[in-house]
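Just below is one structure, and these are the notes that go with it.
Think of it as A, B and C in the order they're written, each chain with its own count starting at 1.
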Amino acid sequence: MPTTANGRRARTLKNWQFDLIFAAAIVLVLLLFHLISGGSFLEWSNVKGILSRSAYPSFIAWGFCFLFACGYTDMSIGGVVVLGSFASCIFGNWYGLPGVILGGLLVGLCLIFINFLIFTYSGIPSWIAGISLAMIYEALAFLLKISKGTKALISTSLDKEYRVLGQLPWCFILLLIGLVVVYFLYNRTTVGLNIRALGGSRDVAEKLGINAKKTLLFVGLISGILVGVSCVLQQSYAGQTTVKTGLTSINMIFQPLAIYLLAQIIRERINIVICVPICAFILYSIFNLLTMLGVPSGTLQEACLGAFIVIFGIVGSRKVRGVVK
Amino acid sequence: MSGGTILEIHGLNKHFGPTYANRNIDFTLRRGEVRGLIGENGSGKSTLLSQIAGLYRPDSGEMLVNGGKYDPHSPLDANAHGISMVMQELGVIGSLPAGVNVFLGRTGQFAKGGIVDLREMNRAAAAVFEKWGLRMPPLNRLTENMIIEDRKMIELARALSIEPEILLLDEVTQSLSLNNRNSLYELIARYRDMDRSVIVITHDIEEMIRITDTITVLRDGQVVGEVVSAETDPDQIRMMMVGRQISGDYYRDDTTPDCDGETVLSVRDLSVPGELEDVSFDVHAGEILGFCGLSDAGIHSIGKAVYGLIRGSGTVHFLPTDVNITSAPQALANHIGYVPKDRDREALLIHASIRDNAVLPSVEELRAAAGLLPPGRVNSMAEGIRSRFSVKSTGIAQTTDALSGGNKQKINLGRWLAKDLRLLILDCPTRGVDVGVKAAIYALMKEAKKNGIAIILISDELTEVLGMADRLLVMKDGRVTKEIRRDEDFTEQSVIGVMI
Amino acid sequence: MKTDKKAAKLRMSELVPFIAFVVLLVFFSIGTGGKMLSSYSLKMLIEQSILTIISGCGVLFVVAQGSIDLSVGVNVALSGVIAMHVAQSTGVGWLMIPVALLIGLFMGLLNGVIVSKCHVPSFTLSIAMLIGVRGIVNYIQTIIGVEYVPASMLFITSSGFRIAAFVVIAAIMAYLFEFTKLGRYSRAIGENETTARFVGVPVDRMKILVFALSGLMAGCGALFSMATVGGTTQTMGVFLEMKVAMSIFFGGVLVTGGSSAKFYKIILGSLSITIIVYGLSLMGMSDSHISQSVEGGLLLLILFMTIVSNRKKKARGETAAPAPGETPPAEQT
């Protein structure tokens, strides 16, 4: 009877075995990096750097988990992060830490929510709409940069004492909190399950009594908050944000997207929510190592990133049968 | 059987655009009654069921449940009134595990402090499967890679999980194999014993008479009659459905097998891990070779393996061109045709035009110089298929999703018969079509047979294989266990004895 | 009668991209005080659309199959930069043509093989290419810098030559798309890949073929790009893939591809987009970066109108097509 399908599955590794091997592999790789770098990779100051760098893309990648789950690809997130970071900076310099947090969070949340309303109600394919929105947000950011009233505010960087959230231990604590909250949200709440149902088939989900519009608004809310947090972290980490024009803001989502795609590849074995920060850490470890080895960033490092995604994509899709688009 | 009335419908009307799907329906259902709804495609049975289940709202008329006014706004609303339905088309969500699918939309009831207790939910789901004797798929697995039967079981469990007073089943049996059908029959019998009611739609008239107490016949959206199952026969029902006498015997009436034609296909030691084991057989020109068996017996894999869609060890030797078939494009190029089981998902480009669907297998034949597919030839071929197989449609530019199941199947089958075929593989060719189309398909099969085409007929309906095949191969667990010729002991009893 | 109405409605939804095009043209003609319709402007309009159409008509096949190729932009850059360097360093000018085409073809083949044989979703793969190959191109350019079309090849920079070449290539591609097996099978794969496979369409081969074609056309686009500018640039092909994708979808092709894919749609779509960009610059808004905002807004508006008039089909596109490359999440804890 069903031995056909199950039999094959039973021969594969148990989940905990896989987890163990996976963890061992990561440790090994990190040790290898340590050796290659001549003993400087695992120095605490270096690891600290990688950790704090991983935080803000992780939140965006989590946002992708929800957006992708209901079939949306938001290309304007880069533009949103720029505007959110501006808000974080301006309000931070005015009102201190609460300003940093609320400014980024609110702007991120509002803009993503607006995007979401557009995706949901206009029916325009989301990533096309996202490109249009990215244009608008980029222009807005540019406007802020050149208009007299806001010019000075933006070019001032965020005051050092308000940037604690971008440094250890705070960014790590935030990452852990985010991990727990997102994990339960995605896997163990009615909203999370409904979101994924909607992503599977809107028609079926609606017939089963799931309120599609309401659920989608939740997606907007959740991913908005996640992007909002990442705005705060981004500004706290970098201190200053440059204006992007000509759709270059889309470049900003490539790294989180790469993290998401990597996480997606092993998601069959490890929950995607947990995969995200792990993949972020691995990714930035590699960048870090490459920088140590003198590989120029922005050119060959990007090439490595691309190759990395392709190789992992191939490995992860090895067993995939059926329709892949 | 003796219970009081649970559902009453008076003067119900429903129309889509200018066409009436339901017209002035009066309907009464008692407690403990198993009612069949039957009618040709488009007669309005699914529409009626959907309104009872809260998917559509009637234009006029009233429904009463237990004497109280019943006007469901949604399926959930219907559930609250103790009514749930397993729909013909509705699937399950592939991206969620089976257990979640059973309680989808109601996962909140397992939430503690906002967190859903998955273990508790799976326990509850398992209890439903066990209570009703349904085959349970692994509850933690995602449903996207499950076979149709397992998904139907999940849907059934979902409908049963609310312990409905009225269970509505729309064409559930057609996607089930014999053994799962039997557990469904048992389930229906238990429902009757529990003094609850069931409304069933199925195209299989014999099955319907066997499992129901009473049958309501619909034609053109109207109720044309109600009969007691024990006092009727298939011919009477067919007559009521179409309004004329259909000869009860649309199958073959001869008992002589034609197995002596030239051998067209020779399969030797065909094994596909987990699906087929050491299958060998020959098919001859002008022969209909039937395959039957329980679910997982591997009959559907035969069709796929012969057409090169799945590969294993052994040979599939096609004699007219002397090649071993290893891929579907190769089979296509070698005058082999394949009508798969799942019409909407495997056979047709459902949102494309009749034209695009009709010419798809003949693209190579239509090719002129410089790779051109001349629009004139494309159109005339499509037009030819449309008229020759009398596909009811507005033209070849119409998309197939608007057509009835029977007309879709006519295109599906017709496009192959329009080719110069030597071998045709049919997997459940009459699944979900009404009697009229069924008769037409059998006539086409007889004609193809006369023209010397070898036919492999794979079917879940035993009567169909018995009615049409020259030889019958009975399969069990991926092996051929018995071969019966038409002039031998060609009866349902003898076959079932081997199958189980 | 009823069917007539239905047919009329269907035609209506097909018409919207046309209407959008005409409305845009009229709007900007009035907005620019007729400058938009001057022969110079029209010529600019066509020239600016050419690059998008040439680089995009291979992508159209990919989109028809329901996949996406976001690597055309970097493909254009890579094949252009290398071809030009080969032509310059060998001194044999005509070499740039075969080298550009071959490199484009090779990259396309690579994409096609990885997508069809390794089952990597095309969205994932082409995003990876977009990131990775851009890195390589930037690296190469840090070494060799910007180069100019060699004197022996200057004839390709004349607009007469370019337009003539464009017409020939577009005609061939339109023929391939509308009237051959390749086009028909590609649309069938987009409609339902399982069905195509079950009928006997060589799906894997078709996938490799269209990605290769997309790459080849990117190589072709590289030549057009260099012919227009007169050489390579640092920003060669940047966001060209987005422009191509927008043109295709703006023209009315659904993300799911299939029968909604028609050749004329990419021409219409890219013309409309060029009208917006060029029209805004004629109205004097190009320098202010405000135009970008207006552009984005206009795009949204017109896409919205297209979709509203196309409600029924949209429902299909949205449910059947989650983010390209997305398969629903699958995890066990």
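The definition used in the following text is that contacts are C-beta pairs under 8 Å (C-beta built on N, C-alpha and C of every residue); 3 or more make two chains touch, one makes a residue touch a chain.
These numbers were taken from a predicted model, which means no experiment stands behind them.
Chemist: Where centres are the averaged C-alpha coordinates, which chain has the largest centre distance to subunit A?
Modeler: Relative to subunit A, the chain whose C-alpha centre sits farthest away is B.
Chemist: Counting C-beta pairs in contact, pick out the pair of chains that comes out on top.
Modeler: The chain pair sharing the largest number of C-beta contacts is A-C.
Chemist: Indicate the whole-number Å distance between the mean C-alpha point of subunit B and the mean C-alpha point of subunit C.
Modeler: A distance of 42 Å separates the two centres.
Chemist: Suppose each chain is reduced to the average of its Cα coordinates; what separation in Å results between subunit A and subunit C?
Modeler: So the centroids are 28 Å from each other.
Chemist: Among the residues of subunit B, pick out those that touch two or more other chains and give their numbers.
Modeler: Subunit B, residues with two or more chain partners: 94-95.
Chemist: List, in ascending order, every residue of subunit C touching at least 2 other chains.
Modeler: 194, 327-330, 332
Chemist: List, in ascending order, every residue of subunit A touching at least 2 other chains.
Modeler: In subunit A, the residues touching two or more other chains are 69, 187, 196, 199-201, 203, 322.
Chemist: In the complex of these two chains, what residues of subunit A are touching subunit B?
Modeler: Checking each residue of subunit A against subunit B gives 1-8, 69, 184, 187-190, 193-194, 196-197, 199-201, 203-205, 207-210, 322.
Chemist: Can you list the subunit B residues touching subunit C in their complex?
Modeler: Against subunit C, the touching part of subunit B is residues 17-18, 94-95, 97, 140, 142, 144, 307-309, 327-333, 338, 340, 345-353, 356, 359-361, 363-364, 367, 371-375, 394.
Chemist: Where on subunit A is subunit C touching in the complex?
Modeler: Those in contact with subunit C are residues 15, 65, 67-73, 118, 122-129, 131-136, 138-140, 142-143, 187, 196, 199-203, 245-247, 250, 254, 257-258, 261, 264, 267-272, 296, 298-310, 313-314, 317-318, 320-325.
Chemist: Can you list the residues on subunit C that touch subunit A in the complex?
Modeler: So the residues of subunit C in touch with subunit A come to 65-68, 114-115, 118-125, 127-136, 138-139, 142, 193-194, 238-239, 242, 245-246, 249-250, 255, 289-293, 295-297, 299-300, 303-304, 307-308, 311, 314, 317-319, 321-333.
Chemist: Would you tell me which residues of subunit C are touching subunit B in their complex?
Modeler: Where subunit C meets subunit B, its residues are 2-3, 6-7, 175-176, 179-182, 184-185, 187-188, 191-192, 194-202, 205, 258-259, 316, 327-330, 332.
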